[in-house]
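Heads up, there are several structures right after this.
Two complexes, one shared chain (chain A), two partners (chain B, chain C).
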Partner chain A sequence: MGALDFLDDVRRMNKRQLYYQVLNFGMIVSSALMIWKGLMVVTGSESPIVVVLSGSMEPAFHRGDLLLLTNYKEEPIRVGEIVVFKIEGRDIPIVHRVLKVHEKVDGKIKFLTKGDNNSVDDRGLYAKGQLWLEKKDVVGRAKAYLPYAGIVTILMNDYPKFKYAILAFLGIFVLTHRE
Partner chain B sequence: MWINTTENCVCKVVMDEKPVKIDKWDSGALKNALDDGAKKVLIDILGYKESHALMDGRLLICTIAIGFAMFALIWDYFHPFPLSRNVLMLCVISYFILMGVLTFYLSYVERGIFLVALEQDRAMMEPDNTWKLSSTLRKYDDVYSLTISYTDGKTKQERSASTSKCVASYFDENGVFCFDLFQPIVEAMRQDLALDKKIQ
Partner chain C sequence: MNSFTSRLNSLFAFTLSVMAALTFGCFLTTVFNDNLRPVELSVGKVSVKNVPDYSADRDKSDLGFITFDLFTDLSPIFNWNVKQLFLYLTAEYETKDHTLNQVVLWDKIIERGDNTILDLRKANTKYYFWDYGNGLKGNQNVTLTLSWNVIPNAGTLPKVRGFGSHKIVFPEQYTAGRF
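Now for the complex of A and B:
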């Protein structure tokens, strides 16, 4: 009695209801996953929504801004555009502006980037010996942004325990409450 | 005076060791407790057979939908994004179509029916009579309405009856479900519907 009373709901369920409870939880997760994968298909970017983690693009973007990316093959990359790219050996993609572009006749390009708020270009950030970025490094181009909407993500990244606590709480809540 | 033989036959009475106690301000818990109570009257006390087909249909739709989502996740893991595009598109579209099917199923097929019970003819000569129970309890309302619909196995005639009563009539102050107050109401409804058949 007492502390475990919240489990009574679960204890009274039969096996079909228990299974449905698990499915219900699964559907919440799946819906989020499918929306994400759907966005990937529509935008062509492997990570269609990113959160700006640093102040290197101020005043254009601040820490915590949410960016919507697209990555259509047919759109060329041009100087002045803001791209999100991956660097080998780094987990987190970087959002910076394109500074120089070299394009060959066959469409192959190499380009250099720089953060608006940084005093030097990004060569120091690239992998060792890498001087240019190529098309394959691009995750997407910033098409829209929502100021500060991603601040929760930053908080969760900074305090992982907070993230796991919230996830565990929501999981238990959904699993133990009927419908 | 009409004497219906099934009324006198109390097949088995299953009593919970512990009375059902719920948070009385949680309308979902109230509804679940009452639905379970009505189910107990028909299945445990009267010994009708529960038909799971309706619930199984819903479980099947959900399972297939989650199957698509899991497949997309696994496929995308082994064939990273630009390669997996077509498979992802297929899975995403199928998933959302299935969610639409689920919504349709819940609102037009299940329609809040929480129990389908089959009353078997004891001589096994006639087809089963079907009892369908559905209920509503609006979120910020205290009126629980229970609808029982009865389909005669032989004549295929359908009749239904419903009662609406404040939930406070079935629960005490602490949120303990008073099954002894609820049972007679369900029994009476059931009896009315069943007797109706005999008179005709």
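Now for the complex of A and C:
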């Protein structure tokens, strides 16, 4: 009995079982990928599920809460909506509320956002010289909310060692565990 | 199969599925609420100036000033799956350049347990009423509405426009000097 039990398990497997375990592992990875890509098709958003990474929308959303997004082209952007957008030169998308909308005859739209918990609008966060967001900046609009569900992501972001530990543990578990 | 870790594992898994089922049930009981309430709105002083907008492109733009009265009772909206309401007062209008303009003038967060009856008299706006251009002077059809975004404990994020609006008529002349 001990931490190296799993090595015994591997040693006792024959080739056939080993292949089976590896294939099983591949199956899990590919179904996760398929679900993610499937959600992208259904919601029209490049990132249908996001984890809230900052406290700028408190008390509505806290760090680690999960948001479900859609991004249908025909659905107009209106004031009061919570949008997720990307700024040029920044990797991490921002979740904030629309404060102002100006729409031209041809449907071209300019809008301004603000975090509920921030005292000023987002112009200071945008790229240098950028005053408005446009439709192309939008990753999605928040449609549903689930608290705490993304807390593991926050932990993994804050403590990279924890991430590698979890990945290693899951990998070993899936490869060696016999059903 | 009766080791401590396996028992811990099944206990954790069972707790998680029970909580997921309860959360989903909670969401189902409230998903069909319309969250609609009547709102009484009116405005006091209305004026408009034409000054450079240093928060945006520094061009001379129309800047509206209003004070407003508001009465609404939002208590019936609160149920066991409402964490918070985000209220926002929107001015919506059409100008020569833009078919749709929406500007949020005021907002307020009502958390569970806060006072849900709003009775504001001669309130000032929280945000500046900047137009994108010069479309406020003499604008006869600026509609003021109160909307709210319901933030649940878990579930969808409905955006509801309150029943009742007020039409603002802006004067044909700019106000000179200080307000």
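Assume the second predicted complex is superposed on the first by the 167 of 179 C-alpha atoms of A that agree within 3 Å, B and C clash if a C-alpha of one lies under 4 Å from a C-alpha of the other, contacts with A are read in each partner's own complex, and residues count from 1 in each chain.
Everything that follows uses one rule, which is that contacts are C-beta pairs under 8 Å (C-beta built on N, C-alpha and C of every residue); 3 or more make two chains touch, one makes a residue touch a chain.
Predicted, not measured: the structure shown is a model, and the values here were computed from it.
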Looking at A:Arg90, would you say it contacts chain B, chain C, both, or neither? Reply first, second, both or neither. neither
Which partner does A:Tyr20 reach: the first (chain B), the second (chain C), both, or neither? first
Return first, second, both or neither, reflecting whether A:Ser31 touches chain B, chain C, both chains, or no partner chain. first
Between chain B (first) and chain C (second), which, if any, makes contact with A:His102: first, second, both or neither? second
Quick check on the superposed pair: does A:Lys143 touch chain B, chain C, both, or neither? Answer first, second, both or neither. second
Footprint intersection on chain A (chain B / chain C) at none
What residues of chain B sit close enough to touch chain A in their complex? 20-22, 28-29, 32, 36, 52, 55-56, 58-59, 62-63, 65-66, 68-70, 72-73, 76, 80-82, 85, 88-89, 91-92, 95-96, 99
Chain A partner contacts - residues on chain C that touch it in the complex: 23, 55-57, 83-84, 86, 88, 90, 97-104, 109, 111, 127, 132, 147, 149, 151-157, 159
So in the complex, the part of chain A that touches chain C is made up of which residues? 59-61, 78-82, 97, 99-105, 110, 116, 123, 131, 142-147
Residues of chain A defined as touching chain B within the complex: 5, 8-9, 12, 16, 19-20, 23-24, 26-27, 29-31, 33-34, 37-38, 40-41, 44, 46, 177-179
